[in-house]
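Next, two complexes with subunit A in common: one pairs it with subunit B, the other with subunit C.
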Partner chain A sequence: MGILDKKLSLRDRKKMLVGVWEDEDQLMAGAGELAHAGIHIHDVYTPYPVHGLDRIIGARRSKLARIAFFCAVTGLTLVTTMIWYMSVHDWPMNIGNKPVRFTPSWAPVMFEGTVLCTAFGMSFFFFWRNRLVHGIKNELLDIRQTDDRMVLTIETTDGMDEKAVLDMMKNHGAVELRAFHNGVQTVL
Partner chain B sequence: MIHDSIIRDRLVTGDKTASDVTRDIARPILNNPMIAWKVGFTLSLIFLGIFGVSLLYTLWTGIGVWNINKSVMWGWDITNFVFWVGIGHAGTLISAVLLLFRQKWRMSINRSAEAMTIFAVICAAMFPVFHMGRVWVGYWALPLPNAFGSLWVNFNSPLLWDVFAISTYFSVSLLFWYIGLIPDIATIRDKVKSKLGKTMYGFFSMGWTGSTRTWARYELISLILAGLSTPLVLSVHTIVSTDFATSVVPGWHTTIFPPYFVAGAIFSGFGMVATLLVVARKVMNYENYITIGHLDAMTKIIMVTGTIVGIAYLTEFFIAWYSGNVYEQYAFTNRMFGPYWWAYWSMMTCNLIAPQVFWFRWARTTPWFIFIMSIVVNVGMWFERFVIIVTSLHRDYLPSSWVMYSGSLTEIGLFLGTFGIFFTCFFLFAKFLPVINMAEVKSILRNRE
Partner chain C sequence: MGHGHHIEVKQEQFVFSPKAKRFSMILMVLGLIFAGLGIANLGGHEETHTAKTEVAAHEGAQHGEGHAVAAHEEHGNVETEAFGPRMEFHPLDKPANTRIWANLMIAGYFFLMISLVALMWYAIQYIANAGWSVGIKRIPEAIMTFIPVPFVVLIVALLMGKNDIYHWAHYEHLGLKPGDAGYDAILAGKSGFLNSTMLFVFPSVLVVIWYLLMRKLRSLSAAEDNATRGDVSFFRTSVKFSAAFAVIFGFTISVIAWLLIMSVDAHWYSTIFGFYNFVTHWVTMITIMAFFVAFIKKEGYLGFVTNEHMHDLGKFMFAFTVFWAYLWLSQYLLIWYAQIPEEMAYYQIRFENYKFNFLLNFAMCFCIPFLGLLMRSAKRNRYVLGIIGSIMILGHYHDVWLMVFPGVFGSGMQFGFLELGNFLLFAGVFTYWVFTALTKRGLVAVNHPYLDESAHHDVGV
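Right, the complex of A and B next:
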């Protein structure tokens, strides 16, 4: 598995059903029922984080915390090595006749270096994994999905009863239903 | 289980919907600037000009134009440095520490407080950088390979710790702020009409679509960054305090400095947040988002941290007496009754006595009074740094080098000028970016628990 989450791009999606909601509770109920009926929800686009939705769509728990730990260990190692190289190995300085070796006075710089590497390393991974790149083309299904609308997408498969799915969405308060075919949306 | 809260007041009043939030908060960005903005921005530019002139004079003539060519070698410059770094701390406290404590009231004020952190750190950095005198060799403070016999920086020095702490603090705060801004920049991208606006907001929104997968990771990265920023913010002012505490100067050589400085930083930072937000909520019509409840919560923190700082003042005074060290005892007697008594008592009045008024509910819920008190807090915290730095240095171990110190016109100009930097940045931020975190505020409209 590459770092980039390929599920985030709509480029390769051939045919999808799209439901648009304006109410968070109705969306949650609708998404819950769809998932319960065994229909795989591709994604839901919301203007703010809706808690619990990630579990309904079957998103796996992020490994970001592990990446953060890895970056922290790397940062700590790099900074400690740098200080040791500069202060002990390359050019030891006699300061008040203090011993030239690892001392607690290195701790502040070690800590700051660790935090710096963790924050930037983890964020770089976050941007990459989530396809967040400066200047990338926006793949919006609804111009109001960053304002007040919530957009649920289902990738159609052979044998799927599309009418039943659309009815299910409509019954749970979807204000608009659309079909998405090769990048073009049609209001149903 | 999620349900409507029956005991907590609504954090956003006025029965707002998600689209109301977008409309209200994006209004200053999508419309022409208001008169108040234009007046404020012009005033800020005037102060920025004062900074420019004072800095040019300093660079052209030399660092001697500051009155620090005496035993008081840290005068207004380091006072201002500590003052501004402290102000920045409230931003991180609100966005990181209150996030870890799941305090949802932070959501209306975290964006502007984080912006304030960044601008305050920029102001703070000006002073140690230009105090170097030959600022063009400022990069010597960095651990870079060089041609001086491989002479590296001294990792045992708190001044070098400062270089690392402040630069890490600035860059991590900027990153935290930017990641938090991405969803809101995307909202503006989808609302703005001009082509330039679409391009700029499109560039900085990085293709944000609001996917549930991305939101889940976004919340996790915010939590981890908050977890990192919390010890970071404590380390920054701890390290700033060790600039003083690791020396042997009477009045500085004390172990209480790290917690005392951190509490003072949060105290002064909240003072500045209150100054800005009391005005912003009125001028920008954000009274439904930054409610009296928010002001109440902020003033409670001001009162608690002010009291912690006050206890620290009394503790160091007690320890100076209890230690039996005559130099320490003299340093503190001199602070209270020496030639700078007015600075000491201004500090005590503004920082310890004045915030006690917030025990009264009226004081905590009256915006104009909070505004005045926030200025008092800021004045008091500037005096705290002045008292610590100047009263300790102007009379130390060697009476023959005892001197009086007052800031030169250039030093005063530089200090006033940093307000120009700070407010110019803040006004530009208020014009081009959402002052309130729209996405987070939308998630608390229903007052769920």
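Right, the complex of A and C next:
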């Protein structure tokens, strides 16, 4: 899968520490303490949005808005060119004696074309970025992360005190602790 | 309860601070000064005089006596000169103080709509079960109490200036029969709706209904504050009354816009006009609300209302700016596509004789807010919201001005000192009234079932 796997797969990363929570309040407290201790949290997978968690784990703002802008500009250019080519350049038609170059009457099509390209572009990029493209194998660390459990992952670094990190997670109510390395999970 | 952190929300009592008082006073004084300057200029007659001669020349060159066109029509000769406006202006008949009555009428209409739309916003929050807005719900609740004041101004302005503002009222006065010289079949056909009785009775009845529903919703909200926590009966009753109001308002607001504003160009009509008016005031009201929230927060109240709420208000401003532009263009394009030249009358005078205002309107209501509020950081910045919002409020007032003045006076008018002063004066009174209304009850809807949701509102990174 080329670029897709290299950038986004958990498989090619170093050893990951995985904590599984059942309660979002405890998860938030745990994530807060980990972040406070200077440990970089790779990601948290939750079945529903947990408000405020993105700030705690230091998630950066989604780049989807920039992609939306790019798609909008592309769509606008594309559609404007299309209208110009069709109804001015290639085959101008006299409809009710109206001028062919009257741009306000192009506005609805320009608007719709912009929206169409933006919507499709954003959807594709969103699914691609979230590995929801058909044919990519899902990597669920815990099958219940889409149901009622929350999974927090930390990528180990050289010199990280793994024991201390695991203790921190356990103290904040993590119900399961695991390690994930080369595609194999081991319960700790 | 929620997400790891508990947010304590306590009742707060708003005090009308000297700073707020000074602000509304400055608006009123500035308004009086500008309006005074404008009225002093009226006495000179220079502006009005120029207008008169210009229009007279214009009309004369185009189709001679204005009534001639209508006479044509009557004899079954429907062949209309391309773009020949069938509406007639009578600028020569207008006394100088018509401009004052027209201004009062615009200000009355504008602020009546702002208060009504605040009530509509309030109702929609209930109908939609909206949680995020509970923290700021006292602000539309205060704005909507303003309903009677602009209505009284509107009625006074109409009583004084009706015959000069509406040429159908002037025509009604003439009492012409079919076959008479100057008989206008279109105005006669519309006289069942456009007549003086309707002009006063219809809005009055509606304002009474709206006002009573507003009182009911406000009293439910007050009763909820004094009830026990967890009693959702007030919320449920509010939803019912909100739904009733939304249905009534949705149907009647268009009719009010047709009767009061669209009838300035009585020969012309646009089915989208009422909705266009609604959106103009809707986006302005949201901007005004954002201003009040920002001001109240700066005074140290509503600590749990954060940038997240401001961001959502900014999104509303941005979204309805685009929606306004959509209707603005649609109203024109429908007429353009339909190939009915006489329908162009409304746009012809505005684009020929008020080109600057016409384009300025589009720039102030769409171009500047669209580009200014496009970025996320702009919606979360109080200063950007303040600058863009001020342009929007003034732009939408100017929008209403542009709907009325060319139709009343023909060419040669400008948004001058009188218009600006009149707007500022009303804005000052409005601000003063809303701040006073805010002191009447606690600033937080402490027993509202969604208060905690509002306190934890978060739009994410």
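In this text, the second predicted complex is superposed on the first by the 178 of 188 C-alpha atoms of A that agree within 3 Å, B and C clash if a C-alpha of one lies under 4 Å from a C-alpha of the other, contacts with A are read in each partner's own complex, and residues count from 1 in each chain.
Operating definition for what follows: a contact is a pair of C-beta atoms (placed from the backbone, for glycine too) under 8 Å apart; a residue touches a chain by one contact, two chains touch by 3 or more.
Just so it is clear, the structure is predicted and the values come from calculations on it, not from any experiment.
Superposition of the two structures on subunit A shows subunit C clashing with subunit B.
Contact comparison for subunit A: of subunit B and subunit C, B touches the greater number of residues.
Looking at the shared chain after the overlay, A:V50 reaches both subunit B and subunit C.
Contacts of A:A119 after superposition: subunit B is touched, whereas subunit C is not reached.
Residue contacts after overlaying the shared chain place A:S105 against subunit B and subunit C alike.
Of the two partner chains, subunit B and subunit C are each touched by A:A59. Looking at the shared chain after the overlay, A:A68 reaches subunit B, while subunit C stays out of its contact range. In the superposition on chain A, A:A29 contacts subunit C only, with no contact to subunit B. Stretch 452-460 is the one among 74-82, 110-118, 434-442 or 452-460 where subunit C clashes with subunit B after the superposition on chain A. Comparing which residues of subunit A touch subunit B with which touch subunit C, the overlap comprises 24, 49-54, 59, 62, 65, 98, 105, 108, 111. For subunit B in complex with subunit A, the residues that touch the partner chain are 2, 17-19, 22, 143, 149-156, 158, 160-161, 164-165, 168, 171-172, 175-176, 179, 182-183, 186-187, 189-191, 202-221, 224-225, 228, 231-232, 235, 239, 242, 438-440, 442-443, 446. Looking at the complex, you find that subunit A touches subunit C at residues 24-25, 28-29, 32, 49-55, 59-62, 65, 96, 98, 102, 104-105, 107-108, 111. Residue ranges on subunit A touching subunit B, taken from their complex, read 5, 7-8, 24, 43-54, 57, 59, 62, 64-65, 68, 82-83, 86-87, 90-91, 93, 95, 98, 103, 105-106, 108-109, 111-113, 115-116, 118-120, 122-123, 126-127, 129-140, 143-148. Only residues 2-5, 326, 329, 332-333, 336-337, 339, 376, 456, 458, 460-461 of subunit C touch subunit A when the two sit together in their complex.
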